[in-house]
Each structure stands twice: as C-alpha cells, then as structure tokens.
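Think of it as A, B, C and D in the order they're written, each chain with its own count starting at 1.
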Amino acid sequence: MEKKYWKSLKEVQRAEHLQADELPADHQAKSMIDILADDDNSKSSSRRDFLKWCGISFFSATVLSACENPVKKAIPYLNQPEELIPGKASWYASTYLRGNDYCPVLVKNRDGRPIKIEGNTLSSITKGGTSARVQASVLSLYDTGARYKQAMRNGEGLLWEEADADVVKKLGEITAQGGRMALVTPTLLSPVTRALIDEFKAAHPSLELVTWDAVSYAGIRKAHEQLFGQPIIPDYRFDNAELIVGFGCDFLGTWLSPVEFARRYAKKRRVSRDKPEMSQHIQFEGMLSLTGANADERVPVKPSEELKILISLYNKLAGLAGQSPAMEVSPAYDVDALAGQLMEHRGRALVVSGSPQKEVQMLVAAINQLSGAYGNTIDTSTPLMTGMSDDDAFETLLSDMSQGKVGAVMFYQTNPVYQYPDTEGIVNAIKNTGLSLSFATTRDETAEVCQYILPDHHYLESWGDAEFKAGHYSLMQPLIHPLFKTRQFQDSLLTWLGREADFHSYLKNWWQKNLLPQQNVYPDPTNFWVKTLQAGVLEVPARGMANLLPNPGALGDIMAALREQIQGADLEYVTYPSLSMGDGHDANNPWLQELPDPVTSVCWDNFSAVSPATAASLGLVEGDMIRINDKVEVPVLIQPGLAAGTLAIALGYGRTQGGISADGRGGNAFLLSPKRSFHGLVSSWTKVGSGHLFARTQTHFSMEGRAIVRESTLDKYKNDPAAGNELREYHLKHHNTLYPDPEFPGHHWALMVDLNACTGCSTCVVACQSENNTPVIGKDEVRRRRIMHWMRIDRYYTGDADNPGVVFQPLMCQHCDHAPCENVCPVAATTHSQEGINQITYNRCVGTKYCINNCPYKVRRFNWYEYATKEQFNTHTSTDLGRMVLNPDVTVRERGVVEKCSFCVQRIQEAKLKAKMERRTLKDGEVMPACVQACPSSALVFGDLNDPESKVSQLIKDSRNYHLLEELHTLPSVGYLTKIRNPRS
Amino acid sequence: MLNNKIRYALVKGNKTYGQITDELLANVEQKPPLWWYGAMTIGTILLAIGAWAVYMSLSQGLGTWGLTNSVAWGWDIINFVWWIGIGHAGTAFSIFFLVFRQKWAGSINRAAEAMTVFAVVCAAMFPLLHMGRPWLAFYIAPYPNTRLLWLNFNSPLFWDVLAITTYLITSIMLWYMGMVPDLATIAQRTKNKVGKFLYGMFSMGWNGSLYSYNRYETLMKILGGLAAPLVISVHTIVALDFAVSVMPGWHTTILPPYFFVGAIFSGFAMVLTIMILLRKAFKLTDYITEKHLDNIAQVLKFGSLIIGLAYVTELFTAWYSGVEYEIFTFFRARFTGNYSVQFWVMFTFNAIIPQLFWFKKARRNLVILFIVSIIINIGMWFERYIILVSTLAQDYLPSSWTPYHPTMVDIGIYLGTFGLFTCGMMMFIRYIPIIAINEVKPIARAEKLRKLKEQNHEH
Amino acid sequence: MSTKQIIGVFDDEALLLKATQKLKSHGVNIRDIYGPSADHDLIKNLTRESKLPYLSVFTGILTILLTFAFVYYVTVIDYPLHYGGKPVFAFPSLVVVMYLLCILITGAFTTFSFLTSEKMFPGKAPRLVDPRAAIDRFYLVLERNFNPDEITEWLREEGAEEIIEKETEA
Amino acid sequence: MHNTFKEGIIRLGKVFPMVLVLLISIICWLPKAVQGQDTLAGEAEGVVETVDSLVEETAEAAAEITENQPAEAYARGGYSKQDLRRGERLFKGLVPFGSGAHSCASCHYTSRTDTLNWNPSAFDLALAWHKDPEYRIQQKMNNPTGMRMMTDHLDMTVTLEEERQLEAYYEAILEEGPGELRAYPVNSIIFWGLGVLMLLAVVDLLITKKVRFKAIHVLILIVGLVVHMQYAVAESRNLGRTQGYAPDQPIKFSHLVHAGENAIDCNYCHTVNQFSPSSGIPSNNTCLNCHGVIREGTRSGRFEINKIHQAEESGKPIEWLRIHDLPDHTFYSHAQHVNAGGLECLECHGTVEEMHVLYQHADLSMGWCLTCHRDNDADFVGNPYFGIYKQLHQDIKDGKIDAVKAAQIGGEDCMKCHY
C-alpha cells in the first residue's frame, strides 16, 4: 500500500516563519545552526503527541484511514563547512573565565552548537577537572530569558552603530573636558584584555581602571606584600601537605582554585596498600563547609573565636621560634598540641584561611613561614594572578560618583549593585554619573540601572585568553556564532578606539608577539597560534621563585585591626560563596539552582543555618524567617555541626534582576557586611515569619546504624586493609543463589567510587544533568521530593550530634547484575544487557513505577509531569533556543516514563564504534561517563571488569571495596572504597 | 463446613413460589423508593469528582498525585488492593454455595457477586490510572507485533493484570450465568416493552427446561470450581506484587496467605455492610435472616483471628530474621515510629474489635454488626496503607526516605470509585433481583418440607 | 409430523417429583419439565449426567500445554531477554501465567460450549410452554404414548393444578 | 419522575448509535478541518511573504532581462474573472491557443501529484512565475531556452492576451494551492459503507425485522467485522510507519539518473556515512560540482536544475523532505552499519539506482531491525575489536559455530538503539 505525502507551500513557509520568529536574526543569514538531518530532539514533541493520541484512539485513526505522519524536513547546508561532519561531535579547547573563576575546558560541539563542557586534560592546573559551575555554564549560553539580546539605551534597543556614536561622542567630550571616567572590572586574568585596556587608557588618559571583586582574595596579596614585600598570591600545594589546618577556608568548594585544590587534596587523601599514608586535615570554622565536612577533625567555632585560635596558634609558634607573641588572647581551644604538630610536620604542613582580611592573612602567612611551609607546601614560583581587587579605589570611586565628580563609569563583568553592601548608595552614585554603561552578558542589577547596556558575548561566543597562574596561559575561542546581537567587550573598546572590531587578530598578534618568544616548541607564528589554539593551553616557564623579604615588624602594625576583629558577640554570622551560586552571577542557571548544596541538600534557596542548640536557645524552628541586622531576610535551617551562636548564610542568592530562575530566591547576604569581611556580629535579629518550606533532596541524615558508608581510620587500615569493611567478607561467604552466575561474554562495565577521594563537590551531578538531558523541575517539585538527577550525593552524619562527622556518597544506578527492578517490569522496558548494563528503554516504558519501588537504592526517576517542555518547571528546554543545549544522543523523556543512569551508554557506544572502525580493541579509560570525566579529584573510575588489566578490575579486588546493600545480593556493578579518615590519635 | 444439614430457617415464612417471586422481584418491578434516588445522586456526584480527578491525572500527569521518588505507589495501589479485597467475597460466596453446597449462601451470593464485579471494576481502574502512560497500556498484552517484542512473564505486575482480568471475567460469567433464569422470569412478568426486550435479549432464550437445568447446574459447578482457586490466587498474586520485591516489609513469605485471609475478611465485612443495608431497604428480612448475618459474623470473627495472627507472625519473623531493615520497618516504622498511628488503627480495627463477635448478642445486633463491618473496612484500608507507605517511605537508604501525603486528586479518584461502586450497585438493585430467585426457591421448598416434617413429628 | 402432548401443570416441586416417579413407574415417557427452578432430585431422576465436565478438563489440559508452548516460545526461543540475573527460562514465574491463562480460557470455553449446546445466544426468543413456566408453575410435558385419559387421571391424582392437551410440531 | 427517567433512557438508547457515529466522524474530521483552515491561512500569508523577500534578491538579476522588454505593453495584476476563466480553459485545453498549440495540461499536470512527470506541474510553474517578477510566459514560450524546452514548445506561441489569461490562472492556483488529496477514498467508502450496513443489519435483526433471512444479517456482520478488523490491524501496524513513502521532493531528483544511469557512487554525495550516525544529505555545493556545468537535464530540461542555482543565489538551502526517519528514541548509526558492519546501502534502502522517485524501501520497524540482527553475521573474526569475546572465538576455533550473528554479541540489547 503506497501512501503519498504532499509538500505544500504552507509547510515551507510556516517553517520559515517559525525560524524568523524564534531564532535570532543572525541565524538565518549565517545558517550556522541549521536543523540537520539527524537532529531530531530539537523538534520532537509534536510527533510524540501525535503517536500518543494515535495510540489512545487508534480506532478513530482507522476510521480516518489517512493517519498521516507529519512531514519532516531534511535541510542540508548550502555550503557545508569542511571541518564539520553532520551528526558527529567535535571538541574545541576553550577557557571558562569569569572573574576569579577559571577553568580550561574542552567544549563538545555538535552540529554547530556547544552542548557539553569538559575539562582540558592538557592543563596542569585542572588536569581535566571541572566544577559544577563550569559544567553548567553551557546552559547560560542559551539563557533566552536573561541574556541581553541587543544594545540598549535606557531600556530601549538601539543599533550598535548608534550606540557607538553616542559613546564615542560622550567619551570624547569627557576627555576633552578632562573629566574622570572609570572602568570597573573584576580581576582581569586576561593579559590581552589588560593590554587592550592599557591602550584604551592611553587614548583616554582620564580613564581609571578599578578592579573590584565581589568575593575578594586581595587580602592574601596584600598580606604578602606587607609581610614579604611581594604582592603575590602563592600557590597552595595541598598535595605536599601532610598536615592541613584550615581556618574557615572552603578550599575544596569555592576558595581560590577549588578544582585544582580538590585534585591535589584528593591525591594526598587517597590510600592504597602500597601507600597507606594520607594527609591529616583539621578545620576550624563557624559554618559547616564542604571542606569542613571532609576534614579529619573539625572544630566548630565562632568567627571571632576562630581568629583568636589563629592568633594564639601564632603566639605559640612564635614562642617556639623565639619570637614575640602577637597579642594575648585566650581562646576556648587549646592550640598547644596543634602547634606541636605543626612543628613536627615542619615543611609538610599548611595553614590556610578563607578570610578576606589582610590582617588575618598576614597571621596565616606568618604561621606558614614559622612552620616552614614556604617553598614546600606553599609555592611562590607560580603565583596566582587572581585577587587584584582594590576595595579602597572602588570606595573612592563611589564617593566621587555620588558627588557627581565622575563623567563616565563602565561596568565589565561586575554587578556591584547586587554585590555591594550599600545598594542605595551605589545606585545613587551611578545615577549621579554622566554616562553609565554596562557590558553585562545576562541581566543584572547594575546593568538595569545603567543608561547603556552594551552586551558582551557569552564566553562560548568570545575570543580571549587567561593567565590564571604565572606562566600558565590558556585561550578562549568562540564555539558558536553569536546568538544575539551582542558584541564582545574587547571589540567595543577596539571600535571606540577607532580600530577595526577584530579582537581575534588583536589576540593573535599579542600572543605571537609576547608569548611566542617565551616558548620554543613552535617557532613558526602561524603554527604556534594554530597548535596552541588547538591545545587550549600554553605553559611557559615560570618567572622563578619570588624573593620573599620577611618583614616581621609588619605584624605589629595590624594589632589594632585584629583587636577590633576579635570582638565577638553572642550571635555572629558567616557568609560564604555558595558552591553552586558563587558570587551570584550565574544565579539564573536552573541547573545550578537545582543543584542541592552537598552539605545541607537544599536547593533553590539560601538560608541562615544555625545549630540545633542555638536554635533552641533563640527559640527558632526550621522554616522561620528572620531578619538579620535589619538587612537580610532569610529562612532558618537547623544544621548540626555549626558553631554555637553562629548563623551561616550563603552568598549569591536574593537576586532581583537576574531572570526567572534567579529572582526572589533567598536573601542577598552581600548586604550583611559593610566592610565586606564576610563575617561579623549579629547586632539585631527579628523573626518576621515562619513556615518556609525548603526544597531539600534529602531529609534524613542518619545511617540508622546501617553499613551504608563504611568508614575506618588510617591506623586501623594500616593494620588491616579491610578495616571497616568486615561485613564484606561475611556477605561474600553467605552469598547463595539458585540461579547460575550471570555471564558477560564481551564487556562488563563497572564503576568504582573512592569515598576517600570524593569531596562531595557535586560536579558530577551537573555533568550528568548536562550530558543526559535531565530536566529541571523547579522548587515546588523538589519539595515534593521528585528531583530528577540521575546521580546524587548522599550525605550522612555520624557520631556526635553537635559536631557530627559528615560522609558523602555519590549514588547513581548500581547496575546490579541481579537487578530487582528488571524482574518486575511487566513490559520488558528494563532488562539486562550483555555488557552488564541495567538498560532502560524509555519508549517501551508505560510507567507502572514498580521498578522505582523495587529499587533498594532508589535511583530511578519518574517523569511526573512533562518536565522537559513545560515552562512552569523553570526549565530552559521549554524554548527553542534553550533546547539547543540538549544532547542529541540522548532521548528527551516524555512524561510518564521512568529514567535513570545509563552509565552514559551513548558514550560507550561511541567509543566502541570508534574502536570497531579503527579495527582495534577498546582501551581502558577510553570510555568515561560524564560523572567520571568531570570529577576534579578522579574519585570515580569506570572500566571493563572483563579486562583484568583495567583499573576497575584492580580496584574491585581491593580489600576496601564493598557494594552498597550487598546483603540483598543484587550484585551491583558499582563499588565503593571505604572511607578512611586520619584523625589525631 | 461441608455438611448439608439444615439446622435453621434460611427462608422464613411459609411462602409459595408465586409469593417468593413477587417479593423478590419487587425491587425490579416497583418504582424505586426515594432513598434510591438519593443514593444515585450521591453516587453521581462522587463519580463526577472522580471524573475530575481522572481528568487531572490524565491531562497533567501523575505529578498531580502525592507520589514521590521513593513512594511511587500510594493511594492508588492501596485503593486497588482494598477494592480487590472487597471483591473477594462474591466469588467466595459462590463457591460456598456451588461447590460446598452451603445452602445458606444462596440468598446472599447474587448481591455478593454483584459487589465483586463492581469492586473489581473499581480496583481495575487503578492499575490503569497509575501508569505514567496509560495510552500505552496495551503494551502489557502479549500479542504479536512488529516490534517482535513480547513482555516480561517474570513480572508480578503482569501476573496481576492477568489475574484481575481472569477474575473479572470469571466473576462476570458466574454472576451473569447465575442470573439467566431470573432474567427470563422478569422478561415474562414485565409489562414494559423495552424491559421485556432487554431482559429477553439477555436471558438468551432460556426456557426453563429440566435438561437445560441439568447442564446449567453442571456449568455453574464448573465455573464455581474454576473460580475457587481463583479466589485464593487473585489476592495471592496481588500479594506477590509485594512479596516478590526486595523491600523490607514486603519481602515476606507470609504475605500471600495473609493477603488472602485479609481479602476474605474485608470482602465479608463489605458483604455484611451491604446486606444489612439491603435487608433494611427492601425489607428482605425473610430471605436475609439473622442467621445469615450471624454466619457472616462468625466468619469475620474467624478471619479476624487469623489476621491478628498474621500481624503477630510478621512481627515475629521480622524479629527472628535479625535483618536490620525488617526490624526497622516492623518495629521502628510501624510499631512505634512515624506510622504507629496507622499501625495501631489497623491492629485494633482488624484484630481486636471483631472479637466482639464472640458474643451472640453482638452478632444478632444489627447496629453493632453494621458498625463493626464498617470498622473492619476502614481497618483493612489502613492495613494496605501500612504495607505500602511505611515500607516505601522508609526503606533501605535513609537518604531517600520521603514523607508521603496524598493530594486532592488522589482522594478524588478514591471517591470516584465509591461513586462508581454506588452507582453500579444502585443500577443492580434497580434492574436485577437482588436475591437469586431460582436458587432461593428450592431452599424455600426444603424449608417447607422440614417444617411439615417437624409438624408431623410433633403430632 | 405433529404429536400430541399432555402437559401437567404443578405449583409445587414436591408434588411434581412424586408425579414424575409415578408416571415413570407406569412407563410414561417424560419429555421435559419446564419451570422457574429445578429440583436437584428431579434432575437426578430424569436426566443423564452432563458431559460438560469432561470437556472442561480436556480444555484445561490442552490450554496448559498450549500456554506452556507459548510462554516457552516467547521467553526462550523468540526473544530471550535477561531480567535480574534469572535464566531466560524461569519456570516458577511461568507457572502463574500458565495457571491463570488455563482458568480464563477453560472458563470461557466451557461457558461458550454450554451456550452452544443449549443453542442460547443473546437475543434469542424463548420458546415457552406458557409464560408462567418462567414464573411460578412447573409444566410436566408428557408424550402421549399411553392412553391420554389414563395419564390425565394419574396426573390429577398427583395433584396437578391443570392438565393441558396440546398439539405441537415435532 | 420515574417514567420520564425511563423514557429518557429509552430515547437515549435509540439515538445513541447515531450520536456515536456522528461523534466519531466529527472527531475524525476535526483535525483535518483545522489543518485545512491552516493551509489556506498559511498559504495566503506565505505568498505575500515570498514576494516581499524575493523581490529584492532577484531584482538585480532581473534587471538585465527587462532591458529588452517593451515596458508599457505588460503589467502584472488586476486580472478579471474572465481572464481567470479563460486562462484555466486555455491551460486545460478546453479552449485552443491562437497558435494552435496543444493544451498546457497535457504536459504540465494540474493535479497535486505529478510524480514521474518530468515536466513542472502547473503549481510549480505558477510558483516560478510568482517568485520572479520578470518571468514572462510569453517570453518563455515564444523564445524557449534549452534543448528540452525548445523541442517541447516548438511553434507554441502565446499572445499577450493569452499570457494575461494564463497569469490569472497562475495566480488562482497559487491562492488555492494544489488541490487537497483525499487519501484512501476507496478505503474510506468501504469502511464507512460497511459500518452503516452493519448498523442496519443489527437494527433490523433486533428491532425492525424486515428481512426474513437471518443469514443475511449474520453474513453482513461477519464480513463487516472481518474487514473492519483487518483495517484496524493494518492501520495500527502502520501507525507511524512510512514504508513506501515517496513524497514529491522540491526538486525532481532522480536517483535512477544519478546513481543508475550515471553510476555515481553513493558516497560521492552522501559523504559522511562512513564516519557519522547520519549519512549526510549533500549540500548545495555538492550538487554544483556537476551542475555548475550540466545546466540541462535530458528529461526535465532546465527547470529543475535551475532550482539549485536559485538556491545558491538566494542563499536558502533546498528543503528536502525526509523519507527515512526513525523515531526520536531510536539511535541508528550509519558508521556502525556501513563502516564497522560492512553493510551495503541497498540492504536497507533497496535498489535506489532504479528509483526515479525515492521511496522508503524497508518498513524500518523494530522487527525489521531485529530480524537483520538475528540473521546476519557480524564481521567477527576480521575485526580485532571483537577479541574480547573469548568464548565465541574458542567456539569458532572448536568448530562449534561457523560465524557469529549480531544478536550474539549484543545485537538484541535494548540499549544498542534506545538510550
């Protein structure tokens, strides 16, 4: 029976209209993103619905007798780019750069659009690791709601030519009158941008470059300048440190270079039979941070107390070294033992503090110097280029602005209206400035009060470079033609300089001129450029060890300031950059909003965490809204492990102009500390409401005595490699089955998780979401406990209720060889593959949810609603543009379908195909699920158990290995290595 | 139980066949009383609520229910099991009557079977509605297709579907075939043309021949015999849904017999409720005698003992097994924990209160009977609640423990099934003789003979 | 060919039973009895045992065999899929399926056979001796292989309410 | 009250079948009706859009042609109804041309379908005329270009008046669009007719009893049910299946001419099938590799090939209609099958080189995929990748098996195709 289908004019033209309406203008002209032959996911819903309704009323379809399939188009390129193979992904190196956040990345580009970010393994800084925010950054590219789509003047769109004319004219006038102008930027890690700004300054001599970071590390730099005469931020070598003492420093989560630090830290934390050694980590902090959760010993103390301990530690060490103590303090904690330990680990110890205060950092530096850290665990030869913030200059600028002394102010990648404590003052200051303009890429509070918004490209659309560490350069290249009518900041400057807006050439020339001579691998400039661009990173020899000239007298000058800072109160607060939000610039990213904080498991919100005892004494219960210091309103969350009398509040929330996902989530904690010290005294608090409901992904935190996360200590491990894992042997002995053991003739995939290396940073969660098109479901649905993440980080408290130990456990589908879920599916939608994968076939699933019930690990997820396309769930994929982030290799699941971790089978298939086509066997480590690839600390290892040489085969034989709930005889393919801690004996 | 001795009045009064027919057909032939309209209105309103709830869940998705990532079965399956349990009594009665020749079941089994059919229909709605994609429900049928894909015969859910289908079809066959002679009777008596046509059509040309009766009785016996194992197997298979899984509190071997007894228990309770109502409403005191109710009450007492034993056995096995998860579920979650209220409601309502029936006064007091029967139904609902929710909400990994609260849609669907059940029963009351005339008549004759004999004996 | 029949109308099964016994002892051929219900003793006395149970058993056995063949074909031969580490041929699971299908098919088939043997189908008009045969009277239909007067007499003796002579087409 | 209720039920019972039938027909017709409305609206809008967007783009090219034309004699628009009527007759041959030329419709079909007719359809012609404001029918007819057109339009001249009338007809076609095609008219009639008959049979059997012979009723019912079931089965099997789908493409591209007669290798155009999941639909410049030189085809003349050049000039790629289209939840890789598996194109696509109009050869059902996986040998021994399957290699060595089917190495796993 032959059917005829007809093309009609209408279809052609309707498609055109659609594109014209929904895609930005540039698209049609350049057709960079054509809808390609294999690109099904982008327009899938109509066909699905159609089949669905046909299914339900197939008889009426019969009656119709003309149940036509919708006509689909296959539109080829007009001129196909040489390097592009339709349907196949290509990878480009680039750099994630946002203020102080830096990560060299590889971007997966499929049919002309970036869809996934991975770490660049060539970088010696991150070695392929990423962070949650880096992983999620690809989504903000397609943020239709919040991205500025064209140049604007006072809220009205205008052409770039008009904007340029305006700006050039006004800048010219100001320069002619000798008026002041300022460019406010965060720390500029890009040397080329710095060079360009210098050029711009030359043309406009009255331009002042003000560097201002929302979360500033300048204190470390200033401390080193004052103490050692070198304004540097040294490199902290956690991989050399056998004793780490942290003071309120979340170096695994957000501090300085968390990806790198997590890797180094994990390297030293990893134990094996060959190396039964690991570092010891002691953490003093007011809040319960991710880093604190990983510590061997955690001392919860109020921020003022924390400083007292630091001072007394210095006193002790100074005393030992025969120097005079700083000042007399009497902390509740006795530092003698700690000081002794530091001296014992001379040269192998490291003390770090997260304080932004110069004075505190000077103390820390002094302690480190006394304990011989410099040159050993602190590397000054490759200092970090971050932390250039100059608060004083910014304050001066603001006061001048409010007095109308400044002719023009420009904001690049900064959002002080949100991040500066005095919102009213800064808004007035901007209003009092003759010309105010912002280069914001996405909506922000500052841009909204500026006269001009001249939107910058997203970093995936931009050229650029970065020097994060001295001598460690990396390049940024555009992966997609600009989606909107935006223009790169640097191009704007070039235009206003009267030059051609071609930052690409500028960048290339600068590199060829300045960096080519520093290396000797590629003598040819073109080759140098192409190869470096391909690699993404360039590392030239460091400039040599900075010469430290200790100035012990410097400490005397800070006593007054310290005395002021150790003034405590009954109630103090700590604010901290949250793991997912950072300083709040990515707050409109629903992936990040929905990423549960690994410690509290709360998402979509910030809160004032308070310890149970303190809450009881203050008369607070969870969900009460309190107003702190008459500035910030946040709900109260009861959180064990906090210091008594401490409120901990995350930064990055409480945006007002960030977009639908960002606005109105929690309170803006930046407002709390006028001196931007990020901790202080609670002078007043009032209860303003109650009954706030948190969206938490986990609400029960005790293991109930079950052997879920198996723990032991290093001492026990040295004696018995199976310490803490005694149950394993028992269960192995008692495993009985009626059925023959399952056989896997080819591959047998397995995943190992080293609980010692896992820091709980949650990068894998976002990586998985990005790779597998997992929908975002919004706060209400999370509250109903329906989070869709295929991978989650479970967290349990152990021990003392006031200062509990915290363990993290990444949990994904365990791919049991005796999977309980498979038996119970009536329609054969979930079965076991020959390669040991627990397969789920979405299109077969009718959604009885029996498998969810019967999964002991509860890793299966159900599409309760049409999450993927319904706007109400804060999902970006409800728009055509947002849907471009979807991975075409993974089906977008319909409502009513169960889904779960597939071991990234699309990657397995791709790697196998590659091996088959190249007629070779698959190499170990060639296949990496998204979580494994993203992990900064390499805590996850994936491979083939049938290959005796593979890493997983080795690890699964390790006596630390155990399987979760192995007494159920589910035979999981995921193994965990027991967590070993190294507490002080 | 297998004796055939008639020890008491099963049909009261010395009635001729004509009288019996007149009295038993009263509900069909007379104008329905006011309460019938009232009940029908309530039923329709409930049905409308149900329709709204079903519309919500079909159009929006199962997100409108109160389910979570861990508690993926909630009120839907609770109600399903509850209804299936209620649906047990009818067939059980038929077996008592047809296979074990318990004459006393004769006057009850028609209504009980009707109840079965409607209850199973109500129950069958839930497996369909609880699917994420009910429009693909046909995937569950093993039919040859172009995918070359069959289905998973290991899945208890498939057994369940098959069991319910089989049970529903067999129940309907039993009910309908048992109705055929009565339909023929009505067809002859009714004056209404449409009624005559419809009753005539459905009586399939029954002419009351002795030879037909011969085959007919054989058929009913066979159907009853086939249904007998079904009565046991249906709820056993429903129990396998849970027992085959690995969840603590589900994975126990006692579950199948426990479910079966529970089903009989709840089914008989519902029969009691309905019989008391019918008897009151249609003044069928002569056909549904105190003795009938007494008998049911005795069965309930017996069932309650077994149920109580099952509860205690479960606790014992959990403790004896030494499995920490089971101990948690039974002793911490159910006995004392988050679900202790529901647990103790269940225990009191099912295992303790029915012990009242040890007293004859309680068995003969209609008010007590009625109240206790309702209490048992509530208790049995909580039993299913305990089994489902307490297990799923607090299972192996504490990280995924979630609370569970039903939504309006959950409640709406439940109310809707009540509406369906009420409307069904009302239509049944209105159009079909509540008591099987052809089965009661021989009983009445036997009664008459016995009386005559007694009189002769006395004189 | 038309035959004449004598029909005795009774309103009580007890009398009917006695009458049939008497008539039978006299050698009168009883064609049939029509009534709203049937007494077990009457059935025992007058009819042979139905063969329906044998059919039922046969169907049951056949169904079990066919169902086994079906599930075996599906799980082992056609598309062997692996569920939860079980072998493809997981017999205990299949028992349930076989058992249920057996009951379903046997029940349906037996009912169908009954309807076929009785030539019953929805919508068939009943051929009643008298409408009251479906309500409250029993009609004892006798062949007139004896002297009708004699039969009438016997019937009257046994308490027949009414005696009808009727000519029917065979 | 009781009686009214009862009567209501009876009345409802009487009208219910009719209501049901009506409802079903409305449900079936509704989507079509809505679609139909859309069609008209979309077309009206579309036409305007096309003019606007294309006027500028082709203006330059057209300017050269206009230089030779007498400007005042010709103007578009403002056609009268008479023009239209005459134009239609002229085109369809109901009225002869002044020059005695035979009707246009004998070569240029007016129906929607003109598969295998190499000449452009009336709609195509109208579209071409519409797109190009300088397109003159008279000029094309009186001075034909290209071999094919010259031979076909020999001595066929058109007067200015006739041109005007034809233009009126073109405009009418453009407005109406190519006529709707009713799929399965015969099947629909059979289906519905039988339905009505069955309904009548039931009604007569149970109520009216006009026909004495019950066998007739039974026969009608049985036949009707069987036929209906057959339709139901066939249709439900074909839900979402498009075997034999052969749409009219925007260009009358013949695989027979290219792959068959000219023996061009598949890989020449479908370049990436060795490396990519997709086989790749050739981009415009691939066509131009040859058609930059070959400007006229033997069958279709210049009309079709010109479309490539038009696309190149306008910068809008040709929007082919997709034929082989797997559902979104099924992942198929050409690279796996062509490169690693060593399959020939024709095993799935049929003898493409014999198809003028490409159609879907296989039904692309899951059963079809599985059958192939079960029946076909994998390149097992030849590919070192499969070295991991030690047991199977041993079996081959031991002579237990000859070859390994795809199904034996995971070809039946769900996650081979669905993830």
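The rule is short, and it goes like this: a contact is a pair of C-beta atoms (placed from the backbone, for glycine too) under 8 Å apart; a residue touches a chain by one contact, two chains touch by 3 or more.
Every value quoted in this text rests on a predicted model; they were computed, and no experiment measured them.
Novice: Could you name the chain whose Cα mean is nearest to the mean of all protein Cα atoms here?
Specialist: A
Novice: So which one's got more C-beta contacts, A-B or A-C?
Specialist: Looking at A-B and A-C side by side, A-B shows more C-beta contacts.
Novice: When the centre of a chain is set as the mean of its C-alpha atoms, what distance in Å lies between chain A and chain B?
Specialist: Each chain's C-alpha centroid was found; their separation is 57 Å.
Novice: Please report how many Å separate the Cα centroid of chain C from that of chain D, as a whole number.
Specialist: Taking the mean C-alpha position of each chain, the two centres sit 61 Å apart.
Novice: In angstrom, rounded to a whole number, how far apart do the mean CA points of chain A and chain C lie?
Specialist: Result: the chain centres lie 78 Å from each other.
Novice: Can you compute the centre-to-centre distance for chain B and chain C, using the mean CA position of each chain? Integer Å is fine.
Specialist: 28
Novice: If you look at chain D, which of its residues touch at least two other chains?
Specialist: Residues 206, 370 of chain D each touch two or more of the other chains.
Novice: Considering chain B alone, which of its residues make contact with at least two other chains?
Specialist: Counting only residues that touch two or more other chains, chain B contributes 148-150, 152, 154, 158, 201.
Novice: On chain C, where are the residues touching two or more other chains?
Specialist: If we look for residues of chain C contacting two or more partner chains, we find 79, 81, 83-84, 86, 123.
Novice: So in the complex, which bits of chain B are touching chain A?
Specialist: Residues 60-63, 66-70, 72-73, 127, 130-140, 149-152, 154-158, 161, 241, 244-247, 323-325, 328, 392, 395-403 of chain B touch chain A in their complex.
Novice: Give every residue of chain B touching chain C within the complex, in rising order.
Specialist: Against chain C, chain B makes touches at 16-18, 20-21, 142, 148-150, 152-154, 158-159, 162-163, 165-166, 169-170, 173, 177, 181, 184-185, 187-189, 200-219, 221-223, 226-227, 229-230, 233, 237, 240, 437-439, 441-442, 445, 448-449.
Novice: Would you mind writing out the residues of chain A in touch with chain B in their complex?
Specialist: Touching chain B: residues 52-53, 55-56, 698-706, 708, 781, 784-787, 792, 794-796, 809, 811, 820, 822-828, 831, 844-850, 852-854, 856-858, 860-866, 894-898, 964-965, 967-968, 970 of chain A.
Novice: In their shared complex, at which residues does chain C touch chain B?
Specialist: Result: residues 11-14, 32-40, 42-43, 46-50, 52-53, 56, 70-71, 74-75, 78-79, 81, 83-84, 86, 90, 93-94, 96-97, 99-101, 103-104, 106-108, 110-111, 114-115, 117-128, 131-137 of chain C touch chain B.
Novice: Where on chain B does chain D make contact in their complex?
Specialist: Touch residues, chain B against chain D: 31-32, 37, 145-149, 192, 194, 201.
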